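There are two complexes below, and they share chain A, which is joined by chain B in the first and by chain C in the second.
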Partner chain A sequence: MSDTKLWNIQLRVPAEPEFLGIVRLACAGIAHRLGLDHEVSEDFKLAATEACGHLLNLGSQEIEISWDISSDSVALQVTTVGELDAELADDEADLEWKEIGLLLIKSVMDEVLETTSPPGLRLVKKTEINDD
Partner chain B sequence: MDIKVNTRVLNDKAQAVEVQGEIDVYTSPRVKETINELIEKGHYQLVINLEGVRYIDSTGLGVLIGALKKVREHSGRILLVCTNPQIKKIFNITGLVKIFEIFKDEDEALQILANAG
Partner chain C sequence: MTEEKSGESRWDRERARQLLASYATDRDPKVKDELVAQHLNLVRYLAGKFSNRGENLEDLVQVGCLGLIKAIERFDPERGTEFTTYATPTIVGEIKRHFRDKGWAIKVPRRLQEFNASVAKTTEELTSALGRVPSPDEIAKKLEVSPEDVLEAQELGQSYNLLSIDSELDADDSRKTSSLLDYLGRDDFQLEQVEDRLALHRAFSSLPSRERLLMYLRFFENRSQSEVAKVLNISQMHVSRLQARSLETMRQALSQQRNRGERSGKRRKSRKQP
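Our next item is the complex of A and B:
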């Protein structure tokens, strides 16, 4: 089956913990629209939340989540937006639990790539998508 | 805040912590605060009921692990009640299923505590 690009959806939220619930709602809504089953929907919610949590303490004002939906995969690109402010950064963020977060992401997604410019994560889940 | 955390007495030794909602980096401090208050009051046998939890992330797991370390310093125990397959999947992925005692309901957890004396 060829990999045909179907849609791109973008969401930009303040880099604050209270907005992670909105990211999960968006994941659930998109998964529902794509006809994905409940377990896959939960995997996206987990991966997106952990990815955002990974970026929360870097000092950006906002985080952008982009869903690239193709006929055979869904790719989430989660990145910081704009310049990083050292005064907002928290170097003492719990690294151990960041690693656990990455473990969770890698367990539920098929591809995980850390990007540096801007800092972020690209997460890919192979799954068949019908465009009807 | 999409989280509710209630505590209640189960018996003369054990306290229940009932959590409802989503445990993430935003809500986990509320869970941590409630559990820590119980531990500081000398309650070291805790049954944490996650039946109403729809979602837990790595920070939520960190809160539970932190609490487990604290009660173990006093020879205490934390027993989890959880049947949600998505939540159990996260405990399995992280290997925490080997560290936490997980039960299907509070009665089963209480029975274990009673058998332990």
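Our next item is the complex of A and C:
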């Protein structure tokens, strides 16, 4: 059993739907760099999009996405950055769909943890990574 | 409007709960039909999330419906979980299994390869039409996909293409082309000969220098016995006799080597045994 930390990659984007494409591209690029299966790569894109979508309506200016890559897993940490502005927050965002979004993430990732301060999600996918 | 929507969905959920409770006891196909119809939106939503993976959306909805039906059959209202909580992983699981059954984990699907090819083709077409390199947006518009998909295809697409090992590689202006196959490694048959050469070399050194020269001229330079006789300034008969004797000497030297090899091989084997 080895879980050596290999790399950390960070990306900070404005908390707006238009920037989710960049997050998806980064996911694809990183997955490709790590030599992951196409299916795993697509799962990451899907999970990252859902996780960011989950945080978009909380009222933060920015979202930070961080990839923790170790020899046996890839963890994706998505958090809000800075103070949450209640005026920007969209309380009426459809709770049911949000719930389904979370369930969707859970069904493509191995671990999903909700963090509170700052609000965010940590998604883990177990997969062997070769550090070459 | 949002209120109306959420009000409607609350009603839906109440109705779904009743239907599920009724189906759990009665197994009435009509109730099942209504439950399926009621949750088609959920299936469509989830299938849509997988639609950019190179599979037809309608196919995914079909597969997702199978998952939904399984979920309806297996759902136990007594447990107190929401149906959507139970159904979502089941539906997603079914969709993911569909991809896996198609060999997704091993190879990139044909549609995606084709998509990458069509990005390249469209780029070419637009370049000549516009007189400049088109932007990802322009390519995306023409192909009716998102600009991100185009960017990804441009950035990573090349590694998704399959190459034939027979495909010819450019060899500049020389006419001879080489294929990838030429660059693939294979066993070097000459390696086996190295061993033979070494053995022969040892056998050779067992000969006196005149015989060594004789054998060299006869078998490496393929000279006739009379030619060799001239070089060595001896009769052809003498060459014939020396040759026969030398071959016998070498044969013995070689068989001694082989015996030694076998014996040491046996020794090695016997050492392994307790």
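In this section, the second predicted complex is superposed on the first by the 132 of 132 C-alpha atoms of A that agree within 3 Å, B and C clash if a C-alpha of one lies under 4 Å from a C-alpha of the other, contacts with A are read in each partner's own complex, and residues count from 1 in each chain.
Definition applied: contacts are C-beta pairs under 8 Å (C-beta built on N, C-alpha and C of every residue); 3 or more make two chains touch, one makes a residue touch a chain.
From a predicted model like this one, the values you see are computed outputs, not experimental measurements.
Asks: Considering only touches as defined above, state whether A:Gly120 meets chain B (first), chain C (second), both or neither.
Replies: A:Gly120 sits against neither chain B nor chain C.
Asks: Kindly classify A:Arg24 by the partners it touches after superposition: chain B alone (first), chain C alone (second), both, or neither?
Replies: Both chain B and chain C are touched by A:Arg24.
Asks: Quick check for you: in the superposed arrangement, does A:Leu104 touch first (chain B), second (chain C), both or neither?
Replies: It touches chain B and chain C both.
Asks: Touching A:Gly59 in the superposition: chain B (first), chain C (second), both, neither?
Replies: In the superposed model, A:Gly59 contacts neither chain B nor chain C.
Asks: Touching A:Glu39 in the superposition: chain B (first), chain C (second), both, neither?
Replies: Both partners.
Asks: Which chain A residues come up in both lists, the one for chain B and the one for chain C?
Replies: In the superposed arrangement, which is not itself an observed complex, chain A uses residues 21, 24, 39, 42, 46, 50, 94, 96-97, 100, 103-104, 107-108 for both chain B and chain C.
Asks: Which of the residues in chain C come into contact with chain A in the complex?
Replies: 2, 5-6, 9, 42, 45-46, 49-50, 52-53, 84-85, 88-89, 92-93, 96, 99-100, 104-105, 108-109, 112, 146-148, 151-152, 155-156, 159-160
Asks: Going by the contact rule set out above, which residues of chain A touch chain B in the complex?
Replies: Chain A residues touching chain B: 17-18, 20-21, 24, 39, 42, 45-46, 49-50, 53, 56, 94, 96-98, 100-101, 103-104, 107-108.
Asks: Which residues of chain B touch chain A in their complex?
Replies: Result: residues 2, 22, 24-26, 55, 57-59, 61-62, 86, 90, 93-94 of chain B touch chain A.
Asks: Give every residue of chain A touching chain C within the complex, in rising order.
Replies: So the residues of chain A touching chain C come out as 21-22, 24-25, 28-29, 32, 37-39, 42, 46, 50, 92, 94, 96-97, 99-100, 103-104, 106-108.
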